[in-house]
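Right after this note come the structures.
Each of the next two complexes has subunit A plus one more chain, namely subunit B in the first and subunit C in the second.
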Partner chain A sequence: MTNPQLWIAVVENGCFFALLGLAFYFNLTGAGFFNFAIGAIAMASAFVGSWLVTEHGLSRPVAGLVGVLGAVAIGVVMELAVVRPVQARGEGELSALVAVGASLFAIIQLCGLFLGHEARPGQPVWTTSPFSLGSARISSTVVPLVVITAVLFTAAYVALRHTRLGRLTRAIGNDTEAARVLGLPINTARLLSFAAAGLIAALAGITFAGRSGVSPDNALHWTITGFLALVIGGTGTVWAPLLGGALLALANVFIPFYFGGDVLAYGLVVVAMLFFAFRPEGVFAPRVRV
Partner chain B sequence: MSARIQSAAGILGLALLVLWAGEDLYRSSLLITMLTYALIALGMYVPFVLAGSLSLSYSAYAATGGYAVAIGSAHAGWPLWLGMLVAPPVAAVIAVVLGAATMRLSGFYLGAVTLLFAEAFIQLLGNLDITGGPSGIIGLPLLSFGGWEPSPFQVVLMATVLTGLLAFALDRLRRSPWGVVVRASREVPIAVDTAGVSVSLLNLVALGVGAAIASLGGALFTAYVGAVNPETFSVNVIFLAVFMPLIGGIGSPWGAVLGAVIVVDLTLNVDALSSSGTLLVSLSVLVILVLFPRGVLGFAGTLARSGTALLPKRGVRT
Partner chain C sequence: MTIAGLLTLTLGAALTGCGGSSAGDDGADTVVIGLVCDTTGPGAGYATPACNATKATIDEVNADGGVDGKKIKVVQGNDESDPTKTPTVIQKMVSQGADALIMLTSSAGVLQAKSLIERTRIPVFMSVAANPLVTEPPSNTYLYQLGTPTSDWARVYCEAFDSLGAKKVAFLQDSSPSQVQFNQGLIDGLDCVDLEVVNGAIDATDLSPEVAKIEKSGADAVLVATQNANFDVLAQNTLHQQLPGVPRFTELLLSSLPSAWKQAQPGALEGLVGLAGTTDTNPKTVEVAKLFAETEGADFQVNNFWTQSYDAVQLLKQAIESAGSTDGTKVNDALQQITDYEAASGYPGFTLSFGKDKHLGADGICGLVLVTWGADNTVTGPWADYTPDCAA
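Take a look at the complex of A and B:
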């Protein structure tokens, strides 16, 4: 636990997991829905961006912009063409869950079919020169990841707590039926939440891929990781996924270091079961004013 | 479409598939893959469609079947059929234990935990000596019953009969009093609990039955191929097993069988689709969920009813 390089890895992983968790949080807040395709959206934006840079010589900012816009478009299309029609039939969450599962699978297959299944090097839009901090080596993606995490969480906090649209989104997420009776623009708020989730996932994927590359196989793992970061952190505050991501990153870095990589998979099952069974609301639970 | 017509069509369809495969080894292996997926999808049908519980550990249960056959043969010298008999109760016990541990979960939470369990289970299989590690167990003997070694065609025939019998039995089970209660517990669990029937127990039984059937799929595949490794039952198997009943139609277990045939044909047999087959499957699921929620069988039933309505009614003068 005294190796500073491991703590740098915790920070890096924690920021990425937290951003994925934040994307889940936006979907949950605005649409009352866990979007299991978040990992696939993050993967697709990073994968397409990398393909545009390496195969077509596009500059990183342009490729990144295409990746982000594509992710936002995927989020919007998912809501309009898949989730909304399926939920409108009122068949419960199982059909919607299968629908997002199929979307996740379709995004993975689309990337694999047209761009190949092999891993590609990440092409982050912004990097810094590597430098040393004490005995730890800070790689080129650490600072951008920390800065983007801080900016997105702050922006999310301000947007959800201090803007009219944010309060509207939370109100709709808390009680959709009451919001419907009051005539609030539910569909617009849902659409915005899907678009925002796509944006956050894309920025997370593009930035983190600069560290270890990206392949379609990452999608499912990233989805599960983001979901766990949200569930562990809770949904009581916008900062909760940050705590969940940090705790998950601690486990991801230190369990393999001390006990071996295989133990991590078993440990995650146990952690998930304990959290889901005994504290499904996470560390920060929503408080209800009476 | 009535249940009798669906069963008759299902049996006829399976018979035609056996005739199509004949003595051709490629077609036989393709049909075995279809039947393997059909058994896994039938297993998933019980908790997923009947009980409304989305457990995503079905690759683990299929792997249990495969490894029960392989370990029994390679380490204990069992004939392969004995491993196929041992697999269902072992898989059922694993499913019930996991089900009991996740009893308070549903929906997204249950899906996430069971998916993590499946991944961890497959990883465990790749790390143990008794399972042969990452390379698995290879070189299993041929299937034999007291010295009689059935030909590949006879194995295919037996596997088809087994699948048909299970689909028929599940269809009867779905319409039995137990099946009606399980389906009611999916829609109105509080009412069923209030009536004195434990919904938790119903779910556990459904999970156990489903896992036992799915393990037969893994056991059949391993016995036919003569080898197994952790990659045989990847996460993709889980997704395809969820999609199959939806594609075929959730109104009947025969829909799961039909879905398995369609999925395997699209992903493995249609040359023009080759690598895009899996993409087509996932897109088909989205289209079916949005436009035809009753799947192919449900759509066929709607067409049949429309056709019947257009026919002139006997004895009615116009």
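Take a look at the complex of A and C:
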């Protein structure tokens, strides 16, 4: 564990996992709902952005903007066209989750159908020149990922804790029925949470894809990764996905190093099962006032 | 007739091989080729160009008058490299009248379907596969491969390592079951060096731990062994960054996928040496490349997926014409008479031959070309340090 290069990998992966976890957190906080399409939204924004750059000659900033706006639009459409109608019919959370799971696969297939299943090069909007830090090499995507993670987590904290809309969103997520009785704008808050989750997922996907590209095959893995970051970190604070992402990245880096890459999947299953069994609320559990 | 009855008849016909023989009626005015293209599964990287090449060659054959005056009709399927789906896809194609099959999918699926293929009694080409287990007995009567087997890859790598003086080599492979199985023959053949096998998850987001292990092992060279382009690019990015002085080799996929080169970070492929199947020193390769460029555009770059797919169709055409029939057994017998077919792949002089006990077409190791990449992440040409010998 003394190899600094491995710790750089922990930081880089941890930031990505944490951002995906934060997207999950926003959906959970604002809508009380696990949006299992997060990984597909992150993939689609990076994939479409790459297609616009490589096939249509758009500049990276413009393609990135299209990718982000598209991700926000997907989030909004999912709430309006998938989750809300299912829940309105009184079919419960399970039906809505199944519908969102189907949306994940629909996004994957649509990307493959219209843009091809082959991987595309990542087109991050912002990169730095690779440089050395001691004996470690810092690749072009590390600094942008760290900065974007810091900015988004800080913005999320301020928005949810120190703005009226943020407090409203948390109140609705905590107890939707009570919020409905009180006449709070539930639909608006839910819509915003889906849009914010799409925005965060898009920025994560576009930036991380700069490492070695993106393909529709990434979507499911990214969804599971973000979900695990939230499961491990918990939902008690906006910073929880950051800790969850960091712990998950530690496992992703050091399990292969000490036990081999073929053990990684089993190792992650063990970590997840331990949390489900002994700490299902994650490291940071929500505090309940009695 | 009920649906269940129809299903029973169709399945029964496929399992007993009746579908193949009835489809092979001499009086039919078309030759039906079943084409399994894994264009949406893990093999999409190689199956997509190979599928395009096969269909383009068939179009060319049809435009040139067909096979003995009969047009070739394609029925297409996709098993997504999922071995559990392969038998169903094969059965469906046989029920659709396929006279021969071209399988552009994982060898794992075909290995599981070998006994079924034996019963269908129609020739089956694995145009771009390299797993020699596919064409080994039992149940190999109708199975053929054009690609060079992994045992030949090992011979070429050994010569290349020797030319560099590399004694200890790290073998970085993705740990998917099909890849591990595929690589076993290669690993067995690399007994010329002290091999350190390092596994990485196929969907890994980072290969820093694996590269750190390689660095710790003190390897003189690294061979990345995967059929997954994403894994290969991630590995090359990481190796280039963290082990810049260590010579790097890769398998056959990356050289054939120019689209994947763009995924690599700037300069990450510089100095990489990879297996390829084509060189413009072979006049037949140049001729075939010109043919495909007519439909694929001026930017088209030929590789072994295209040339081997071209050869597979031409060999089937030759066998059917020689047999004077589309009957599977007769075509198979005719295929086994083909020797010294001048291949569109490899160095000049590379040939393909088949026989009752020779189902791997390659005659020698000069079907393999070692190429290297430049600073702009594109292949600059054959690697200067070693050239496989056609006489070896």
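Here is the rule we use: the second predicted complex is superposed on the first by the 290 of 290 C-alpha atoms of A that agree within 3 Å, B and C clash if a C-alpha of one lies under 4 Å from a C-alpha of the other, contacts with A are read in each partner's own complex, and residues count from 1 in each chain.
What we mean here is this: contacts are C-beta pairs under 8 Å (C-beta built on N, C-alpha and C of every residue); 3 or more make two chains touch, one makes a residue touch a chain.
Note that the coordinates shown come from a computational prediction; the quantities given were computed from them, not determined experimentally.
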Q. Taking the superposition as given, does A:Thr154 touch the first partner, subunit B, the second, subunit C, both, or neither?
A. neither
(Q) Is A:Asn13 touching anything from subunit B or subunit C once the two structures are fitted on A? First, second, both or neither. (A) second
(Q) Quick one: is A:Phe254 in contact with subunit B, with subunit C, with both, or with neither? Answer first, second, both or neither. (A) second
(Q) On the A-aligned overlay, A:Ala99 touches which partner chain: subunit B = first, subunit C = second, or both, or neither? (A) first
(Q) Tell me the contact category for A:Gln5 with respect to subunit B and subunit C: first, second, both or neither. (A) second
Q. Touching A:Asp262, do we find subunit B (first), subunit C (second), both, or neither?
A. both
Q: Figure out whether A:Leu110 sits in contact with subunit B (first) or subunit C (second), or with both, or with neither.
A: first
(Q) Quick check on the superposed pair: does A:Thr128 touch subunit B, subunit C, both, or neither? Answer first, second, both or neither. (A) neither
Q. Which residues would you name on subunit A as touching subunit B in one complex and subunit C in the other?
A. 112, 262, 265
Q. Taking the complex as given, what residues does subunit C use to touch subunit A?
A. 39-40, 42, 44-45, 48, 175, 198-201, 203-213, 229-230, 233-234, 237, 241-242, 259-260, 262-265
Q. Which positions of subunit A touch subunit B when the two form their complex?
A. 34, 36, 81-82, 85-86, 89, 91-95, 97-99, 101-103, 105-106, 109-110, 112-113, 220, 224, 227-228, 231, 262, 265-266, 268-269, 272-273, 276-277, 280
Q.
Give the list of subunit B residues in touch with subunit A in this complex.
A. 48, 52, 54, 101-102, 104-105, 107-109, 111-113, 115-117, 119-120, 123-124, 127, 235, 239, 242-243, 246, 275-276, 278-279, 282-283, 285-286, 289-290, 293
Q: Name, in rising order, each residue of subunit A that touches subunit C in their complex.
A: 3, 5-6, 8-9, 12-13, 16, 54, 112, 116-122, 130, 137, 139-140, 208, 211-213, 215, 217-218, 221, 225, 252-257, 260-262, 264-265
